[in-house]
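Next come two complexes built around chain A: one with chain B, the other with chain C.
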Partner chain A sequence: MKRKLALYIMFTMAVWGGISVFIGKQTVHNFDNLLRNKLLLIVGAFAIILGLGSLIFHHTQKIKRNARYWQYSYITLGALIITSFIGLFGGVRGEGGLPTFFGGTVLGTYQGNIYTFQDKNELKLFKADPSRYAREDIALMPLPQGVSEDLSRYEKSVLLREIQLRNTSLQLQNLEIPLMISPVSGEVVPFEDDFGVSIQNIYEGILVPCGSTMFAMLAFYMCSAAYRAFRMRNLHAGVLLVSAFIVMLGQIPLITAFIPGLHDFRQWILDVPNLASKRGIMIGVGLGMAATSFKIIFGIERAWLGGGEE
Partner chain B sequence: MKRFQGTNRNKVKLKVQIPPVRSVLGLLTLLFAVSWAQAQDMDTLPAGMTGSGMDAVEVSERPEVVLNSPEITNVMDVPSDDGGMILINWKSPEGDTKPDHYILELKGPDGLWQIATRTVLTAYQVTGLPNFVPFSFRVKAVYGNEFTVSDISEEVVAKDHWVKLGKLPVFIAIFLFVVILIAFLHAARSGVDLFVRRISGLTEVENAIGRATEMGKPVLYVPGSSSIEDVATLAALNILGEVARRTVHHDVKIICPNRDPIVYTIAREIVKETYASEGRPDAFDPDSVFFMVPDQFAYAAGVDGIMVREKPATIFLMGMFWAESLIMAETGASTGAVQIAGTDAVAQLPFFITACDYTLIGEELYAASAYLSREPLLLATLKSQDYGKLIFMIIMAVFTFLALLFGLDVVSLIQVR
Partner chain C sequence: MNDRTIWEKMMQVDRRVIYLIVAIVMIVPIIFPFDLPIKISKRTTLKLFNAIEKFPEQRSVFFISADLNPQDQPELYPMLVSWIRHCFHRKIKVLVMCLYPTSLGLAEQALNQVSTEFNNRASQGIGRRIVYGEDYVFLGYKPPPIVPILGLGENIFDVFPRDFYGNELKDYSTLPMMENIKNYRDMDMIGSIAANTLPVTYIAYAQARYGIAVTGGVTAVSVADFYPYLDSGQLTGMLEGMKGAAEYEGLIRETFPEEDGRRLATEGMSAQSTTHLAIILMVVLGNVCFFMQRRHESRRG
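Moving on to the complex of A and B:
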């Protein structure tokens, strides 16, 4: 009965999801989003509890069994407890009850019209007086008057280039920005929690660099994989070697300057045989996805339920 | 005498008598002066400047040209869509001078003109607009530092519609696929023997697990790095059931680290149920399937750690992978394990082909559970997959033929909006 119920729920949700693709009404989409995103979030929250239980169980078992490198399990469990404590009681950015912020003095908030501008994933803020110019003229004016006095020469050039060449524009927003006295420079700056132990800082200061380190190792793995791939063991490996060699050489301007047609040949390899095989795989993948979905929707494939009959 | 046209519109007249070459210094001075003059946007060269090797230069005024305005010809709500889209067409200005580009602007109820796009085309589909809110449009034709503006269009509202006709090709494709699927399911139920070609990567699964038995080492199964919404993850979980069944038969330990907590819950249930259905519920180790970490590279590091510490005899890398694919596959290769990988991520396939012993390419990943279980109904879905591909190939060949011979715009026929 448990499995039958799961099958019925899955079938209803799948048919609903399929139908909603062909319906344009926003109310239908909103309901679909509610089912997909909000319900999945709730299910995900419960699953995280199960996941945490598994993590704790796995590492306590390792410690109990004195498995190889069991000492690292203490670090994992310790990190789990500390970060959970800071996250639960200190807030994501140190705004919780736990006194995790030990930076400068918080002054209050600045409220006013601010121009925000996205540059290299950084949101820049500029004070501005919107009454001095109309927004429609930004595209063709050398530089908005109200902004210029707050910008450095470099920022002006960046701003102009972005406005004119790329499809971006300044956003005028009425913002409230918390201010603080920086413990480093002593100036009044927008509030930053760089000086506290918040979950965000732990993430940015520990997890992101560790992830970057792993990612950087990819370069070395690529070298060893390339060595393995380029050993001419058979005809296929030979074709791979020659085509890869041409593609790599075709990327180097100094080489293409001396060998006419190399750049075009490289592009042909990428655009014709490479793209054709990629598209062939992708068509197969699309049909495979459809077949797998139908297998599950019609209850033919039940491995996800643990297999077997209901 | 040469004539140069200046970039500025001011009247510029230069007459410089230049003596023959005297020295390199003189040439450098001239270059410096010219560049300085350009930088300063000045009318004449600095007094007392001397140079060499050049004729007298005269820059004349650019003739005045009349710049015409573009004309908006059509503004309409995109029909049969899910709302938020308005289509605008305009005519380029008459006359010889063509604009560099156009700026399409829109005005909503707040009365402020906002830039919708910059384009060199004469049509644009504005997206992301709120439904049933009136918007008017105007087009600016930009000529260098000048521009002309069209008349303001009438107000138009974006609406959402019940049926999205743009998805009709998808509907037809799904309908065709379901018909083929039902036909093969019917054939399978009638007892027709369905032939499936040999997939070496899947044929080797049995041998690879047998190797683990001989070596007394575990089997490592990585169900990808993605979440349960990914169909590749579902396919990987389907394969996990079959692999777990074989590990029960061969009495081999299976290790299955997970990145996603929902995937972990399902994977654990699959392995547990498989052990139970094979009559060995006592052999299931609850610690064999576990949740590791949700971070991508932390997960890769954790899986690498297991590979190095446990030295599994066989490694399965199935499902969706990103940049961590090679990190895992190379580490696995360095431990000497037999590696069977399968993914539908086209960008990761070369890495797996290079570093693993067997690779399931794209659709083979989805065929794996049917191939391994040999269940007739599952094989029927596999056959429908193959015939679907055949129909696709025929359609592509026919459409290519029609496009090449008769110049038909076949793309617009099958374009999904």
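Moving on to the complex of A and C:
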């Protein structure tokens, strides 16, 4: 019965999705919008929960069974817990309800002009280390009232942006604040600031360098593979090799500057032979997708339902 | 005992030697970049540039779906920066959205970078100041991709009640540019920056249903996949990898002489060119060794 119910729901939704495009009635259009904008959003949210559950189950099982590379599962689960906690309770920039701050000791205190936002009395900018900024950096910018010229160009631009974003004004106060070194950026920041280990810090400090490194390594593998495996063993491989050469050479400005017509020849390869073959592949794939969709809609293809009892 | 030929030895050279060569040809041009004469691709880069140039000032909206990830950053990030710079120069409003959570940081970074560049120049009396809410709005991220792609065709406020910073989209005092934007009909073009086939998804769902123009910024490796859409006119030009981004940077510099921002793609082209050359030479060398060895074997019987 469970499988049949799923099939009925799928059939109804698929047929509705198809016919709603051809019915011009506003009521039909509105209902279609409701399904697509609201229902799909709810289904999507459930899919995330399902994916999360599946990830946790997979890695806990791996640890339980001492499967190959089970140690890495601890890292995955640990990263999931830490980032979820910071993301859920610490806010995008560490502005959330729960403190997500760790590390850091008071270095000393700073006394001077502190800029606070009028609405939230929030500390955002201050001169922690004036020696870092040259006097030449001070730009002649029309500044809001209360902001002195004793700021670097960068500080001013950040400050102006904050004012734009918050649609608020600033107050200038002479305060004494304790300082610390940020555990993420290494910069001197106010200890009592709302600074924390935010999702943005994790993104910039961990995800961006890791992702870039992984992709950069491809260049080494590709070069090694090209040297060892890209052989002109027969005519087909020869045609592939020559066309790849021309397209690659056409990408190099240094070469195209010396060989007239190479850039245009590369473009011709992309425009004519490439286009012809791509179209053929796309038409084939499109027909295959349509056939598979019909098989799923009419319940002929049921692999998507998975196992389990009827 | 050891009767291996020089060709055979070369074919089986230690992979670390190849890695070292690649490292050298990649790192040296990064440290000492050199200028390259970059030829503009008319069908792709120039077509897109001209299309944006034709948008009427002040009231046009360029919607950017910034779906780049850290691993695509060298190729796709300069495209995003260039599009934003071009729009700001031409007083075209920019609306940015992400379909993946990993794209949020880079999208925000690009918006901050370009607005800071403009505001710094404005402080020196060059150009105009960029104001959040008036010149651009960052919508943030909404899953799954099909929901915002279709939903934005009907009502943007249903899909994104708030922007990335938590401002209500209907709060026109904070985000005045949103007063005139309700759905795709109020936008002039969608620019999809992605390392996958998302531009095609925009063509299939947003363009086919709502008739909006679509363009793409894609990685060089996936360029061939988009040519059928370029040929049919469904894509209004596109940027092809780092070379496309470098071409666009050059066009912006030519058209707007006051533009003095860093040209990341142009800088990266020298390293990419030398690495491409190294790969080509490696393949040639590998094949020469292969044929010489085969010849040697056939002679030996």
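Rule of thumb we're sticking to: the second predicted complex is superposed on the first by the 165 of 310 C-alpha atoms of A that agree within 3 Å, B and C clash if a C-alpha of one lies under 4 Å from a C-alpha of the other, contacts with A are read in each partner's own complex, and residues count from 1 in each chain.
The criterion applied here is as follows: a residue touches a chain if its C-beta (ideal position, glycine included) is under 8 Å from a C-beta of that chain, and two chains touch if they have at least 3 such contacts.
Here the structure is a predicted model, which means the values were calculated and not measured.
Chemist: Pick one for A:L249: touches chain B only (first), chain C only (second), both, or neither.
Modeler: The second partner, chain C, only.
Chemist: Is A:L270 touching the first partner chain B, the second partner chain C, both, or neither of them?
Modeler: After superposing on A, A:L270 lies in contact with chain C but is clear of chain B.
Chemist: Just to be sure I read the superposition right, which of the two partners does A:L50 touch: chain B = first, chain C = second, or both, or neither?
Modeler: Touch partner of A:L50: chain B, not chain C.
Chemist: Look at A:L235 in the shared chain and tell me whether it touches chain B only, chain C only, both, or neither; answer first, second, both or neither.
Modeler: neither
Chemist: Which of the two partners, first being chain B and second being chain C, lies in contact with A:L207: first, second, both, or neither?
Modeler: After superposing on A, A:L207 lies in contact with both chain B and chain C.
Chemist: Now for A:M1: first (chain B), second (chain C), both, or neither, which partner does it touch?
Modeler: In the superposed model, A:M1 contacts neither chain B nor chain C.
Chemist: Following superposition on chain A, which residues of chain A contact chain B and also contact chain C?
Modeler: 40, 44, 47-48, 139-140, 167, 207, 210-212, 214-215, 222, 224, 226, 228, 278, 282
Chemist: Can you tell me which positions in chain A touch chain B when the two form their complex?
Modeler: It comes out as residues 18, 21-26, 29, 40, 43-44, 47-48, 50-52, 54-55, 57-58, 61, 68-69, 134-136, 139-140, 167, 169, 207, 210-215, 217-218, 221-222, 224-226, 228-229, 278, 281-285, 287-296, 300-301, 303-308.
Chemist: Taking the complex as given, what residues does chain B use to touch chain A?
Modeler: Those in contact with chain A are residues 80-83, 103, 105, 112-115, 117-118, 131, 140, 142, 145, 147, 160-164, 167, 170-171, 174, 177-178, 181, 185, 229, 231, 234-235, 237-238, 240-242, 258, 260-262, 264-266, 268-270, 272-274, 277, 286-287, 290-293, 295-298, 300-301, 305, 309, 323-324, 326-327, 329-331, 333, 344, 346, 349-351, 354-355, 361-363, 365-367, 369-370, 377-378, 381-382, 384-385, 388-389, 392.
Chemist: Considering only the defined contacts, which chain C positions touch chain A in the complex?
Modeler: Residues of chain C touching chain A: 11, 13, 15, 18-19, 21-23, 26, 36-39, 41, 43, 69-74, 102, 104-106, 108, 112, 115-116, 119-120, 122-125, 131-133, 143-144, 146-147, 150-151, 154, 158-159, 165, 173-174, 220, 223-225, 227-228, 231, 241, 243, 269, 272-273, 275-280, 282-283, 285-287, 290-291.
Chemist: Considering the complex alone, what residue numbers of chain A touch chain C?
Modeler: Going by the criterion above, the answer is residues 33, 36-37, 40-41, 44, 47-48, 139-142, 153-154, 156-158, 160-161, 164-165, 167, 200, 203-204, 207-212, 214-215, 219-220, 222-224, 226-228, 230-232, 241, 245, 248-249, 251-257, 263, 267, 270-271, 274-275, 278-279, 282.
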